[in-house]
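Look for subunit A in each of the two complexes below; its partner is subunit B in the first and subunit C in the second.
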Partner chain A sequence: MNKISRWTLALTIGVMSVALYNCKPKGPAEISMGDAASKVYVAPGKYDEFYNIVSGGFNGQIGVYGIPSGRLFRIVPVFSLSPENGYGFSEETKPMLNTSNGFVPWDDLHHIALSTTKGEHDGRWMFANGNNTPRVARVSFKSFRTEEILEIPNSGGNHSSPFITENTEYLVAGTRFSVPMGNKDVPISSYKENFKGSISFIKVDPQTGRMNIAFQLRTPGFNYDLSRAGKGPSHGWFFFSCYNTEQAYTLLEVNASQKDKDFIMAVNWKKAEEYLAQGKAKVEKVKYAHNVYDEKTHTATSTLEDQVLVLDVQELKDLVYFIPCPKSPHGCDVDPSGEYIVGSGKLAAMMPVFSFSKIQTAIANKDYEGDFNGIPVIKYEAALHGEVKKPGLGPLHTEFDANGNAYTSFFVSSEIVKWNVKTLQVLDRVPTYYSIGHLSVPGGPTAKPHGKYVIAYNKITKDRYLPTGPELTQSAQLYDISGDKMQLLLDFPTTGEPHYAEAIPASLITPTSTKIYKIEENENPYVAKGEAQARVERKGNEVHVYMTAIRSHLTPDNIEGVNVGDEVYFHVTNLEQDWDVPHGFAIKGALNAEILIMPGETQTLKWKPIAAGVVPFYCTDFCSALHQEMSGYVRVSPAGSKTPLKFSTGATEEPAPGAGQ
Partner chain B sequence: MSTKYVNAMNKLTFTITLVVLGLLMSCAPDKPKVESEDYEANQAAPATNAVAENADPGKGLGQVTTVELKTPLEQERIGRGKSIYDMKCAACHKLTDQRIVGPGWKDVTKRRKPEWIMNMITNVDVMLDQDPEAQKLLELCLTRMPNQNVSIGDARDVLEYMRQNDGEK
Partner chain C sequence: MWPGLLKNKVMKKLQPISRWIIILSALLMLSAYFVPLWQILMWAPQYPEGLEMKIWINTITGDVKIISALNHYIGMRHIEVTMFPEFQYMIYIVAFVLTFGLLTAIINKRAALWAYAIVIFSAGIAALVDFYLWGYDYGHNLDPTAPIVVPGMSYQPPLIGTKQLLNFTAFSGPDIGGWIFLASGLLAIGTLAYELYNSRKSKT
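Entry: the complex of A and B
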């Protein structure tokens, strides 16, 4: 290249840079400033201070990010198939996505609840809701794997879920849409008569984390949106936001926005436990799936359960109270002290903060304005601590720091507003980009917030990143809240469409993180603990291949005697015992995709050969310098052939006479 | 052979070396140096002692500084050693002198000191990074021997099984 053309090139690049710079969207880019970069910089090889456990929304997964860097570490499949590790594809994990409707490959995951002890994060489990086909999942903080999924019967969409009590006694699962109980065939217009709400209380075993539906509350037919458990003085109570108390069943946009006030529902769950102990619950026949993943066998089982215990809140007194709350409340958040409950009316111009002690006094004095279907409605003023005046437009959710401050997201005015819970004074506001939904302060929903940051999970991305066609990544923002003023530090992209998220100190998680599965403890019925156990067995038209994988070969890697029409199960055991040495397995033409096997684990891929020939298989995870060599062949003979069953690795033989014909 | 040809050969060798080194390095990422220490300290995993305690050449690097061998062989250890071999070692090491992924085990107890063998099993990452003999094997086999999470006690049992394989009674 001569000098002139070099200059031309340099000039062209220069001009292009200026041109590109001029194309950048105006406005938000200049907001971040000062020492923001150093506050989010995590040097190579260093760790983030917090894990951010972020719901994936319509992707049905959980995203795990580092804070303050915003780096994505892992996507944990929960209610959706995973084209990364074979969750939902392998024979062992298929039962996890079973429901009373059959196999549901994809759901909508909205809210995260991290396990707590005495109101503080304990780093044991993350829980999440399946919003569409109602379910609650438990994910292990040791393995970051989904260990249990419980379907929720009598629910029309599991939105107010899985909020958690201070010692993880219960998770709740409240129906967003009321429906006729027991799948009744009734006219939709009979809503008021036939439609009911249903709130499930899920008991969590303190040792194993195993979930069971302890009881359901049968409640009036409207929409149960969000929830929080009481804590400290209000431990024993649960609070739910309710909208559509108009009981509309069409064009809810208009018809469910008629009244000035809907309700916060206060539930005395200790009272519910008493009624349960007194045998006041009715048994209802239902059908729901309960799926459990066993870490020792690396295998999930799905059991269909057939009954729930139901407490009717209209028959049983002192169980449930309504508190009027202006216009279609969404968030219903309890502050760290447990005394204050923040109601966020989506359409209201102010935010009410209710006082738990005043609610108790009002109940004691029967300070009611009336009843709804026999359930007492407490006088608004009697329950009210005070109102936050003109906070912003479209309040949705509130998180808290340890200094008595609240942080509320405003969807319509696209901002986070900081205010003082006791004085109700607005202290600061920052814009978000754009139209914030949920927000998260590390430890924000607990009795002891860790503070430091607030993270905005926005609904609209628009011009925040390089465009990628009509479909965009989602936009999150990290703000420093350690000073009086909130400071924007970082934009980071998120996957799916995050709803709620929690952040937890890494120090609670890393010491117990699983690195490998011990091969000695592998109880999968199809394990091969060493190559000596690798083999192929035929049972009728089922062929079971007990295969081992270690750098850099599969055993057996030559298999003959498989016929068209057989069902071949590759049970692959990864013999490695070192951290981060997974092996993959794929066979050409498999309709069931691939699998990924962690060290010491056994996973099974089912394959049905459809034509005679020789079919290659290989390891899909680059594992070593000789990864490309980690492969093998299956010979497939026509249906009914008598090709002898044969398998080997490393054995060679002279071509048989007549071979190749 | 012309000089030109030699140069070309050297370049080729150099390139191959680089590629191989690259592969090796890609197989063994360094852990984050500073914070990982606290992290590791909390693990229940078998100790992988990074400190070079053995000044004695030929004993390798790791926690094993002396091994007491008994004659006759300890039969209990042999049984346990074999089952660990079958589960964690046999995929790469034959009992003959045939090398597949790793070297065959025939006469390994005659080639190596018992301490070296046990350190290689229990402290393999440090051995491959620092022990000259281990590094020679890596150059030969081109696959890093994996850490199979074998405890020191289990490695001692494997050693007894190796002695039996080498014909000791």
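Entry: the complex of A and C
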């Protein structure tokens, strides 16, 4: 090789290396952000445009964020204990977590449903499901507190829940795992014979929001995954995605992925109401807890209910139809017009969009391809509006804007794809970081989406934030959808694992937000409405302290006459009537938590002293300039002592002769 | 001669327009029974939305409890309606002034108008003096065991206008009823001025 060709070779290698380097795909850090910062900047003291109500997944709570800033405002405890404010620890809130299994202090909160009227957000309540020990909860938009938790009997895991009808007539609770009804002891291999699905329709009182199970549908033994109610023309119908129509009971990842098509189950719930009125329902004996928090007494009560009404969909005709849907459908989302139902087969290479009017025609013409255990299976083509071709990999969920567009999350290809519902054309796609699960457009599931943004709730964050050991933050991403192209604006961390979330205009919520509880309206049996009513009473070995808190003292703050072995109940009433002046209460060695007491509220902390001595207690919420002074002592005497019961605040006395010697 | 002149002047009848304005001036004072007369507004870093106290003819409304709760730190007394004996008799004083105005229009003599203008003017001054004295006492007469004692500091609220009191900016001024009362007074005094001006002009 001569000198020149050696140089040529070196030059060629050099040029190729540079070219190769430039061909390397660009990482996310290099994506131009344009004017994104100004679009998410909410100046200090200014408010966000939307509340984002985000499920906390395995933390069992709801996170409340602002959009577009992504700032976290509050974590509302729903199915999980909250030592931060005493939820589930205070005597008043303990009954909220009662179930037929006893006290279950945790759950897996997956989905949010915000109440609607005529299919539009009305800002009254948020509903959430407990996936593990089947429950649904109702949270007030006034107080952002959990007001009701209803356990679901005959359910093996409450996943397709708590989706609601357009006027919040019902919310549903469909079992993820089919199980033998009535806690029967049967071989697991008898799945086909003994295992059943169960879908509960829970009636919501339009005035109080109180929930009760109106009826349950007894359905074939599948896995019921997600659901949406019809609206507009399809009001009166409910759609559920079903997987494992193979009825496998082991190694589901293989055995439940065999069939080309599973089902979307269409339920005519108006028909169910007719059957119910005709007395066609069977009464089944069950056991489930119904827990209600009363805002006047600031106290929860738990009642064990003992029966449900059951409609068998195999016996009662015209109640349920199956629509074939490719490959283990997950999301089953109804567009704002109520005409189109989008099925997202997790393993399918396309997405079918079904037409409600075509489904009705198919039913009228009995255009069936057969039946499953006596339930008609509508012909796929007869129900189909069309397919979205090659949308991406692993479609999960779809939300909608007000302009006829749909936004679908793709877990495997880690992206959001925008497409037109009528034409089924893919319009745009953006990557998510990484592996999006649910997504949310403000008002996306309603008849009148507010649009503007789509928020991605991701399953993997990896390198997006500063690392914090093997356990990393969870994350959401905000995209602007006001233009033709979606634009990534913001990453923001979330708590728990976010599943479904909804966003609602702040203007629907802020005007009615509770600031204080009126002390005159406090009906807690242990309230002390003023320091004159503060006192200590002994009932056997129970000592009840009726305590008041006001800046900056607790009354009484000196308590004597408590013995080891007593059960001491501190009923603390916050006498403040001013916004944002909570007081807290904690006592050394208590085996539970602190309690936070809002202005005008009474909450109770139970404490069992185990040794003689003097035990301090104090206010835990920095309430005022003299917060550090807001404290007191309990004198604990040995068991059986005759120390007289005494209590005071501000009284001093000369030490007794011989004291302290 | 000049007693006669005086008599002549003060016994002079009023212009018809003056009588109507006096009736208006008197009737405006009816509003005192329906709207607040005075307001005290307070702002602090923790209270950007402000706290307010409205003084009516026979009561105080607004964030009185919150203000009292805050004031206890510096040893100011709890504000109660019973602290103010004025609330027992203010309704009668206003009724008296109002009736006096109507009578003036009926009597239709300049002397009566003089008397009415003096009564309404003195009532206003007396109210302000009374409010100042209460404010002085409330701001100076402090509990010596209060948690916060700033040597030499007193907390008298401003009579009219704005004043900084520790972390609070306090404003004191007329509310709707106060402004209407002021209008009543100005109408009474203005009518008197008009009458005097008119009679001087007719003499020359």
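Assume the second predicted complex is superposed on the first by the 633 of 661 C-alpha atoms of A that agree within 3 Å, B and C clash if a C-alpha of one lies under 4 Å from a C-alpha of the other, contacts with A are read in each partner's own complex, and residues count from 1 in each chain.
One rule holds in what follows: a residue touches a chain if its C-beta (ideal position, glycine included) is under 8 Å from a C-beta of that chain, and two chains touch if they have at least 3 such contacts.
Computed from a predicted structure; not experimentally measured.
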Clash-or-fit label for the pair subunit B, subunit C on subunit A: clash
Touched partner set for A:626, first subunit B, second subunit C, both or neither: both
Subunit A: partner with more touched residues, subunit B or subunit C: B
Partner chain in contact with A:529 - subunit B first, subunit C second, else both or neither: first
Contacts of A:578 with subunit B and subunit C, given as first, second, both or neither: both
First (subunit B), second (subunit C), both or neither touched by A:511: first
First (subunit B), second (subunit C), both or neither touched by A:551: both
First, second, both or neither for A:303, with subunit B first and subunit C second: neither
Superposed model, subunit C segment overlapping subunit B, candidates 2-10, 20-28, 56-64 or 182-190: 56-64
Contacts on subunit A seen with subunit B and repeated with subunit C across the two complexes: 550-552, 576-578, 624-626
Complex contact set, residues of subunit A against subunit B: 45-47, 510-511, 515-516, 518-520, 529-533, 548, 550-553, 555, 575-579, 581, 624-626, 650
Subunit C partner contacts - residues on subunit A that touch it in the complex: 550-552, 576-578, 624-626, 629
Residues on subunit C engaged by subunit A in the complex (per definition of touch): 63, 65-66, 69, 73, 147-148
Touching residues (chain side subunit B, partner subunit A) in the complex: 20, 23-24, 27, 30-35, 39, 42-43, 45, 86-88, 90-92, 100-101, 142-144, 146-150
